[in-house]
């Protein structure tokens, strides 16, 4: 069945897979001490324009969020995130499992604002009794957000400025960063992300890898003895090459950006189809996830023809659905989608 | 350089890699809800002779140990392991990170004995003050052990009997299980492992997979809501297919057992070479890890020619080295090894 | 300075202190295995009308909340609480430190409603993706709440019914339970609390003890090996007598209830004074904590004369203050308060 | 029954209790922000000869060990302790519950040696693979030890020197420090303890307080935002005065030292009695805990007459018993003991 269920329905991008095959029989040291891991780090550092960027590869998104946040927070701190943020809702409490609170901030279309962050910081530090409260010790945003929305460069700059003012790190969850960077509605580059944050990750799993996320620390922020911190959290792969080789491929010949661009192209065509058939959008998303509102019986008929994701109940009679594109979405998939929509309209 | 540094120096076994390539473009649901994960579970259950075996795939060894142990222990319990066990020494405190103590038991060549386990259980329950102590709540053994040694079926039976008597689960770390099962010195089968334990894992990373360990719960022991427990520990892959496809291949046409057998064949030839050149063995190992004692200057010369692993200091003048074989070890690798040894003798 | 800063400004009620003095030289076993601890448990059980009530004494409120919640929750669960609940805001993340999320529920005057709890439970279980979310595994309410408000028997019954329907325990934080039970606006008795919950605690620290909270499990809910669970959380006193003796005194001749009644009498007089001088109440509180809104300069003048607690900013020009009564509040304290208010009016 | 079961069988020393009574009705701020807590800190600082000593009061021993160790260790570190240390064996895994491993070191009569500590540090840092191991990040000793033994000033100096060399803090558990300082066989003063450690605690519970331990950080070692760290571990008392008043009394007119001296006097007389009746000592203890070996039937007859503590099995026919003195032991208690021993001899 043609599926738009998510951006992780296919395996690896052919160029990534080819690299895995080509290097398969080489003897390489374990735990990330191999040539390809090193090469991938250099290529990413080069894309960031900073040979001193500190990079490490982890396996998946929840793992990355939990490892980074719990390693960087102080004992007395929690992490501030949109109430709709992935770490707030859909990671089964992985951050709390590490002993830290997620301090929820109101959101607008999945985004937090610099002003609401600043108000939280101010209120906290003005409250005489704050010794009995969790200190807001890090800000977390996802880009794109869980609703597909994007921060503008100005918004990012303002949020980062609040973080700098209060001396807390800004962590950007880039699980779908490829699709953010190549959106037609963005002025934010990879280098902007690097400069306007303290740590972020370049998502591989949802952008052409079998698994893998590249964590990037700017400003020499990598926690001390980080390998050991990663190991004790069960997040260190013996065959670190699996991650190194894939990211080496993703950062060869701009593959990561080509993947993002293709996903965006397909998403824009998908939007045209929805517009053509007069479907309602739940949110305006300039990235690879699209959210539409369907009457429940139409939703059921559509879900018999194509793979879609139930997102949330809209009201008693309507449902919000998510359809995602990715590097693996083809033109014929979209033709199939159009036919399916046409048949239920 | 030809390397015997470990059994995770190569990528995936060609049959595993081929399956990843063949299935790469299929659209599959995430988080383990895909056809191949299901198929792999069925094939493993069939190899175990129990369609009700509960199976889940995780990514790496330390992760698997931490997830299984911390999910199965009660609040007031710790896990008993050999003082040389992987969880006791080489996992950077991953078990303690989950809040639980590793209760160290004396070892003999990496193995614990039923009698020392029973003594620990007896002493604990006879001590009037035991409410102030960590309850021994699970026994952990590795098979093969970290020294390459194996439990006999009788030993395994006796250890399991102590566990049954005291109502604690037995967990067998099978990171290198393939090489245990195919050793020429074992009477323990995969079905024995299943019957004589409460939970164990079939190691993939060190036996032909890029990553992946198959956790098997017998006697319906899988903890409730285990997927959520796995997720909050950051151990749930979005592309669960990566693990499912690989284990589906490993359990097709007995590949897992062929891999073990090849590793053992190569290890036996390696032993012959060591014997031929009169090298001293640190321990007698019937599996794919071999441990020899070399005078330090010889060790350094050897390490310039082939990849080996420093294991531990033997005395001020000698060192214990580990050399491991695997599915990827070839006859020409061994010829190369023999030449290297010959040249330093 | 006369102070209404809190209900823990004085030492122990004289009858409690006398009992500590009278028993001081007796030789008693440690860790709660003493005569007075046993006697106190029996007296509480008798007040509850159930000789099988399971009771244990802990030292303070945050400790009690963390120990009870983390011992009763399953691995995959969090605790539901009002967004204003003590565990949500003012315990420095003690619950998250134990690895569990506090799931915030909207509040009205510090109280949650059965309907909002039910909606949360329904939504959770209807969401197909709930395996990736924290399971709501316990409901927590405080009685009185942090705003001094009380649940009616009907409200309590409805909340407990939702808990029973979804098989989650209800935990009632009774840090100030004495003042709830003796409020003039309540129909809830101690036995109702016991029957309409799974676990609750009878606060001592804020009702006449130097320290100490009596945790009561109904329906045989005490977790297995609870003493060990308490010990490993650092919450087991060597001289358990300190808690036992105090609660033995508190439950002799209805002292606990007399303490509550006196606190309420004083609070009602305090309210009359506020009414007389036309002060605005921030919330309507039928218990020992009263909240008034003062213009900022008046607040500062008042705080020079008596001890008060800054509660929260009301607007740019006004502040909410808290004044608490307790067993130690005297008529002359109130006269002093009236003079102070009169002088700034 | 006359009891030597432990040094926490009685309530508070009369001078401590009197101070609690005298100050009972004063209105004092909570959470340690009161006059007596401040006064107690100043008196202790004065006894240490350093007005900058950082002091905080906690409630019990296990709590203190867990709070101090988990607040001072880095993420990747564990604490080194004698295999017989209280944190290794008798705290129900409280340190592991905080996520950190206790690294066991061999002991001699309850003590570790500087040389074995140094060997552990050396071995760790020489091991190329140490990134996969728990870093030894703090040394813990108890003084007196669990066997009643004492470190000499020279031994303490040597252990501390190893800690300084490897830049790890030394933490001294002083649960029974009073009896160490006043032993007739010691050359270690309170100021030595302060100078030769990074943090230690002055035990109150076992030396005349109802509860309470004074944690002292030297060299400005108190962790940042320590009050919040204490609160989130459930260890902050609302009525901090309870601890402050008691330590204020304990450090008035040298009460703490008088308590220690009395306990030691009584212990020396107890030893004379044991010698007189030819009883065998299990260890030579110069402090308030004495350990004797009795034939099992004698042990049972003795335990019918006086309160004693079963320590451990000596062999199939003999048992090691512990008898402890304290400030509350009287001459008539010892006469009673002598009669009891005489009657079973």
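Going in written order, the chains are labelled A, B, C and D, and every chain counts its residues from 1.
By our rule, a contact is a pair of C-beta atoms (placed from the backbone, for glycine too) under 8 Å apart; a residue touches a chain by one contact, two chains touch by 3 or more.
Quick caveat: nothing in here was measured; it's all calculated off a predicted structure.
S.K.: Going by C-alpha centroids, which chain is farthest from chain C? Tell me that one.
M.R.: Looking at centroid distances, B is the chain farthest away.
S.K.: Which of these, A-B, A-C or B-C, makes the same contacts as A-D in over half of the contact pairs?
M.R.: B-C
S.K.: Looking only at C-beta pairs in contact, point me to the busier pair out of B-D and C-D.
M.R.: C-D
S.K.: Return the distance between the CA-based centres of chain B and chain C, expressed in whole Å.
M.R.: That pair's centroid distance is 50 Å.
S.K.: If you average the CA atoms of chain C and of chain D, how many Å lie between those two points?
M.R.: 33
S.K.: Taking the mean of the C-alpha atoms as each chain's centre, how many Å separate chain B from chain D?
M.R.: Each chain's C-alpha centroid was found; their separation is 42 Å.
S.K.: At least two partner chains per residue is the criterion; list those residues in chain C.
M.R.: 76, 91-93, 97, 99, 131-134, 228, 231-232
S.K.: Where on chain B is chain D touching in the complex?
M.R.: Contact set of chain B toward chain D: 76, 78, 89-93, 96-102, 104, 128-129, 131-134, 310.
S.K.: Which residues of chain D touch chain A once you look at their complex with the stated criterion?
M.R.: It is residues 71, 74-76, 99, 131-135, 223-225, 227-229, 231-232 of chain D that touch chain A.
S.K.: In the complex of these two chains, what residues of chain B are touching chain A?
M.R.: Within the complex, chain B contacts chain A at residues 1-3, 5-6, 8-12, 14, 17, 20-21, 23-30, 59-67, 91-94, 97, 205-206, 210-211, 228, 231-239, 241-242, 307, 328.
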